[in-house]
C-alpha cells in the first residue's frame, strides 16, 4: 500500500459518509433511501480495509459494535412501526399524519418516516460492515494475518 | 346413573390402579381386583334396575354424541368382561410376581400389567355400552391398544414383540375397514347414532358394503379364518392375558359387534351366507388344528378360533334361536375357556412344562385343579350337567331350523370340540405321571375352582344365563321367539344329535392314530401356505421393497435440485397442454426507443451464458457482475432509477463479499476445481437438459404472464396519487417507507437474521462459557452427543 | 418486448439452474444469484409500463413507470442479497468442516453416514 | 389486538439477538417472550372465532394502498399452532441446555415470520414474512454446527431458496395479471383473468409450497434435513415451518385461486396419492426414528393435497384438520425421538398411534375426516379409489411407526441414560394434548370447519 492510497482512503471516508447522509435525507425527494445510503457508507469503511488492512481498520473503527449498531437500527425501525399502536393508531401510522403540516428544517421535512429510514440505514450499515469484518476475521484466522 | 356407574368404575379403574401403584405392586393388584369387582357389581345392579341410557353432546360439529345404553347385549358382555376380569386379576395377583421373578424383572413391572388389564376391561365395557358409531370405534381400538401392550408385555423377548406387532397390525389395520363401514353408514343415513341408523336402514348395495366392512373388521378381531393366525401367536402374552383375551375381551368384541349390528346384517342374506361360510371354516379348521397341537395354550387358542366359529355360524343362521344361542354360547365358552387357560398357566407354573408330550398323570398331585378344570372342560365339551350342554342344545336347535346338512356339520363340530377337550384334559391329568409338580399356591387354583363351579351351576340352574342371553338376543332381534333350554329326557332331535356327538367324539378319540398323520399334514400345509405365511412374507417383502426403494432415493445435492426443476417443467407443460393457448401469447412491439433496453437485456443474457463456461471462479464472478450491471442499466432505462442504484450498489458489494469468501478457500483447492476431472459426458448433458427444461418453464410462465393484460388498473396509480399526502416526492421511497413500510421492516429483519447467521457461521468457534464451563463441557455436551447417539447413530 | 423479456428471464433462470447442478458449491451460489436476478427482472417486467421515474413533480402527459414493482424489486433485491451472503458463509463453513467445496464429496459423506446407520441397525 | 402478538415477538427478538442465548436465564427470557406472544395470539384467536375476522391497514392508508393485516379463522389457527410448536421446542432446548448463543433470538425471529405470514392479507407481504421465517430456519438448520447439521442446512437452504424464488415470481406474476397485491383483490381479479396464464402461475406457486411441505416429487431435500438436524430443530421444521406449506396451499389454492385448484384437482389427487404411497413405503425400511418421521411427513403432505383435491367445505376442513393434527404429531415425535426414559416412550407411542390414526388421539379425527372426504365424491369409482388409497396409506403407517417404535423403545429399553425429567415431562405434556384432542375433539373439528368457511372455495 502506498502512502497515497492511504491518504486518499482517509480523505474519502468522510466524503463517502457525507454522500451517504445526503442520499439518506434526500431519499424522500429523489432517488435513494436509507438502504443505498448505508451501502455507500459501507464502501467508505471497506476502503479503509483495503488501505490499512483488517487489523488496523479494526483498531481505528468501532467494528465490534457493528452488530449492536445493526440491531439498534432494527429496534429503531420497529419502534417507529409499532409506536403508533400505543396511541391507538395503526402500526406504521406516521406522524405528522398524511396531509398534515410538516416541520421543515431547511428543505428537510421532519417526519417519522425519516426515523424509520435512519433505522434502515443503521441496520444495513451494520450488516455490511459487520459481514465484511467477519469475513476478514475468518481470513485472519485462516492464514494468520493479512489484508483482504 | 345405572349406565354411568359401571362405565365410570370400569374406565376409572386404570387411573386408580396407577395411583395405587405408587404404593407398590401389591396395592395395585388389590386396587385392580376391587375396581373390577365394583364394576361387575354395578353392572349387575344396573341390570336389576332395568338398564338405562346416557346421552351427552360430544362433538357437535360432527354430530357426535356420547351415547351409552345398558341393554341386554351390553349387560351380557359387560358382566363377562368385569366378572372374568375379577377371576383373571385374582389369578394374576399371584401369578405375575412369579412370572416376573422367573424373568428377573422388578416387581414394580406388575403395576403396568394390572393397569393394562383394567384398561382392557374398561375399553370392553365402554364398547359394549356405546351406541354412537364413532364411540364404538374409539373403544374398539382401545381394546387393540391394550392388547398390544399386554401381548408385548415380555418385550425383551423377540417372540413377544413379533406377536404384539402382528396382533396390532392385523387387528389395527382391519379395524380401519370397520371405520370405513361406520363412516359409510353415516354418509348414507346422516347420523352416527346406531339406533337411528337401524331404524332408517334399507337394503341396498351401499348398505351391504357398509355392513360387510364392519363385519370384516369384527371377524378379524374374533380371529376367524383366514385372519385367525394372530391369535395363536398372541399366546406369547402371560397366561392370564390369554385367558382374558380369549374369553371376555378382544376376541369376544368381534362377535359382540356382529350382535350389535345384527339388524343391519340381517338386511342382506348374502352377507349372512358369507358369514356362515367363514364361521364353518373357522369351526372345522380350528378344531382340527387344536387336535394336532402339543403346546397347551396352542390347543386352547385354536379352540377359541373354532368356538367363535360356532358363534358366527349361529348368528348367520338368521334365526332367533341362533341369535340367542350365540349369546348363550359366548357365556358358556367364556367361563369354560378362561378356566382352562388358567389351568394351563397353573400347570406350567408348577411343573415348568407347557407341552402335552411332557405332561401326564397330574391328577395325583393336583386333584382339586384336575376336578375344577375337568368340569370346565366338560362344559366346553358340552357334556350334560354343565352349562355347555345347553350351548350345544341351542346350537343344534338353530342348525336344525336351517336344515339337516347344517345339523350334520354342527354335530361334526361339536364332536371335534369334545375330542380336543379330551385331548387337552386327559393329556395333562391322566395317564402315566410325567413332569414334576410342586404345590400350587391357592390363588392359582381358587379362580379356576370358582369358574368351574359356575360352569357346573349353570348346568343345573340354567335360567340366569338363559335370561341374559335372551335379553341380549332381543337387541338384535326385536321379534324374538323365547327359547327355553332345559333337560328333556326324550328323543327330540337335539338330544339325538348330542348322543351322536358323543359317539362320534369317542370314535375320533379312539381312532387318533389313524387320522393323526393326515391332520398333522393338513396343519403343516396350512402353516406352509396359510395366511400367516402371507403375513410374514408380506412384511418381509414390504421391508425389502422399501429398502430397494430407499436405495433409489436421491443422495446428492445436484439431483435434489434437478428433482425440483424437472417435475416443475413437467407440471408447467401439462398446464400449457391443458389450457387453450390460442391468442394467449403476444410478442409485443419493439420500438427504436427501446434499443438501449434491448441492448442491456442482451448483454445480461450473454453474461449469464458466459457464466456457465469458465472453470476459474474469478471469471465466473466477473461474468456474474456483468449480468448484474447490465440489468441495473436495464432498470435505469425502464424508469426505475431507485432500483438501478440499489442494483449497482448491491452488485458491487456482493461481488466483494464473494471475492472475500473465495479468498478464504486455499488457492490449490480452487485450482483443483478448475482443472479437476471433467464430469462424465452423460452427466454433463443431463445438466444441460435440466437447465434447458428450467429455462423452458420459466419462459412459458413468464411469457404467458406478460402476455396477459392486467385485469384492472394497477393499485400503483393510487400510490402515485397519495404520495404527496405521505410528505414525499419519490413514489418508490414513499411506498418503501410508508405505504408498504411493513415490507421494508420485514426486509431489514431478514438482513438482521442473515447477520446473526453469518456471525454464527464465521465468528470464532463458540466456546463453552466461562461461568458454566463445567456444565457445558461435561453434561451439556454429553447430553447433546447423547441425543444423537440415542437416535440410533 | 414481451417475448424478449420472457426470453431473457428464461435465459437467466436456465443458466442459473444449470450452474446449480454443477459440482462445486461456488457455482451453486452463482446459480442462485443468477436465478434471483431472473426473478427481479421478471418483477420489473411485470409492471411493464415504461415511462419516467415516478418522482414528483410528475411530468405532464407522459407515462410513469410502475412504482410498486420497483418497490417490490428493491425489497426482493435486498432480501436475496442478505440470503446470498448467508449462503456464502454457510458454504465456507461446510468447506472448513469438510475441507471441500465439492458436492460429490458431500454426498459421499452422506452415503458414509448412512452405511454407518445400517451397521448400527444390524447390531 | 391484531398487532400485539406480532409486536411482542418481533420486539423481543432484537435484544435477544445481542444476548448470549447459552445462558439459562436468556433462554427462559426468550421462552417467556414467546409465551407472551403465544398468549396474545391465543386471545386474538378466541376473538376471531367468537366475532369474526379482525383487520387493519398498516399506516392507516386505504386498503390495497397500505398493507392489510387480516386475522381470520384460518390464519389464527395456523398461527396458534405454529407459535405453540415453537414455544414447545424452545422450552425443550432450554431445558436440555442451549448450545449456541443465537438460538433463542432465531426462534423468536422465526416466530415473527410465522406470525406475520399467517396474519397478513397481502401477497407480497406474505413473501416478506415467509423470507423472515425461511432465513431464520436456514440458520437454525445448522444448529449444532457439525458436518451433519451443516450439510443438512446447506441442502435445506439451496432447495428452499429455489422454492422461494419460484414463489416470488408467482407473486409478481399475480400482480401483473390482477394489478393488486391484496389477497382479497387477487381472489377477485384472478377469477376473471385468462386461465392460461393464471394456471401456469398457480403451478409455480404450487411447486413452491409443495417443496415446503415436502410433497413427492419435490421432497428429496427433506429426509436428510429432518434426519440430520437437531431434534428440537427437526420438530420446528416439521411442526412449525412445514405449516407454511400447508397454509400456503390452502390459502393460495382454496382461497385465492379456487378456479385453478378445481381445474387441477385430478393432478392434485394423483400427486397426493403418489406422495402418500411413496413416503409411506420409504418409511418402512428406514433406520432411525427421525428418518421414519421424515418419510412419514412426505406421506402426510400427500394427505393434505388429497383433501384439497377433493375440495368443497368437507375437503378443505379435512385438509386443515389434518394439517393441524399432523403438525402436533410430528412435534411430539421428533422431540420424543431425541430423548430416553419411560415417559418418553409413552409420548412416542401416543404420537405413533396418532400417526396411525388410532383413537383416542387427535390423529384419529384427522384420519376420519380424510375418510369422510374420500367417501364424499359422487363418483363411486373415485370414492373407492380414494378410500382404498387412504386405507393402504394408513396400513403402511401402522407398519412403519410400530416397527420403529418397537426397535427404538422396546428392544433398546434401558439402553443409555435417562434424559432430564423436565424435557420428558414437556414431551409427555404435548403427547397429553394429542390425547386430549382425541378425547374431546370438538375444538379441532369446530376450528377446522370455521377455518374452511373463510375460504372462497370453501363456502357451502
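Order as written gives the chain letters A, B, C and D; numbering starts at 1 within each chain.
As a working rule, a residue touches a chain if its C-beta (ideal position, glycine included) is under 8 Å from a C-beta of that chain, and two chains touch if they have at least 3 such contacts.
Note that the coordinates shown come from a computational prediction; the quantities given were computed from them, not determined experimentally.
Each of C-D and A-C has its own count of C-beta contacts, and the greater count is at C-D. We define each chain's centre as the mean of its Cα atoms; on that basis chain B and chain D are separated by 24 Å. Centre-to-centre spacing of chain A and chain D amounts to 37 Å, using the average Cα coordinate of each chain. For chain B, residues touching at least two other chains, in rising order: 557, 561, 565, 641-642, 646, 650, 653, 657, 661, 664, 698, 702, 705-707, 714-715, 719, 722, 728-730, 736, 738, 740-744, 746-755, 757-759, 761-762, 792-793.
Counting partners per residue, chain A has 29-31, 35, 67, 71, 74, 78, 91-92, 94, 98, 124, 127, 131, 134-135, 138 as the residues that reach two or more other chains. In chain D, the residues touching two or more other chains are 10, 14, 17, 58-59, 61, 66, 69, 124, 128, 131, 135, 138-139, 142, 145, 154, 158, 162, 169, 173, 175-176, 181, 287-288.
Taken pairwise by the contact criterion, the protein chains are fully connected, each one touching every other.
Those residues of chain A that touch chain C in the shared complex are 29-31, 35, 124, 127, 131, 134-135, 138. Against chain D, the residues of chain A that register as touching in their complex are 67-68, 71, 74-75, 78, 82, 85, 89-94, 97-98.
Residues of chain A that touch chain B in their complex: 27-36, 39-40, 42-43, 46, 67, 70-71, 73-74, 77-78, 81, 91-92, 94, 96, 98-99, 102, 109, 111, 113, 116-117, 119-120, 123-124, 126-128, 130-132, 134-139, 141-142, 148. Touching chain A in their complex are the following residues of chain C: 53, 55-56, 74, 78, 82, 85, 89, 92. Per the touch definition, chain C reaches chain D in the complex via residues 20, 25, 28, 32, 35-36, 38-39, 42-43, 46-47, 68-69, 72, 75-76, 79-80, 82-83, 86-87, 90-91, 93-94, 97-98, 106, 109-110, 113-114, 117-118, 120-121.
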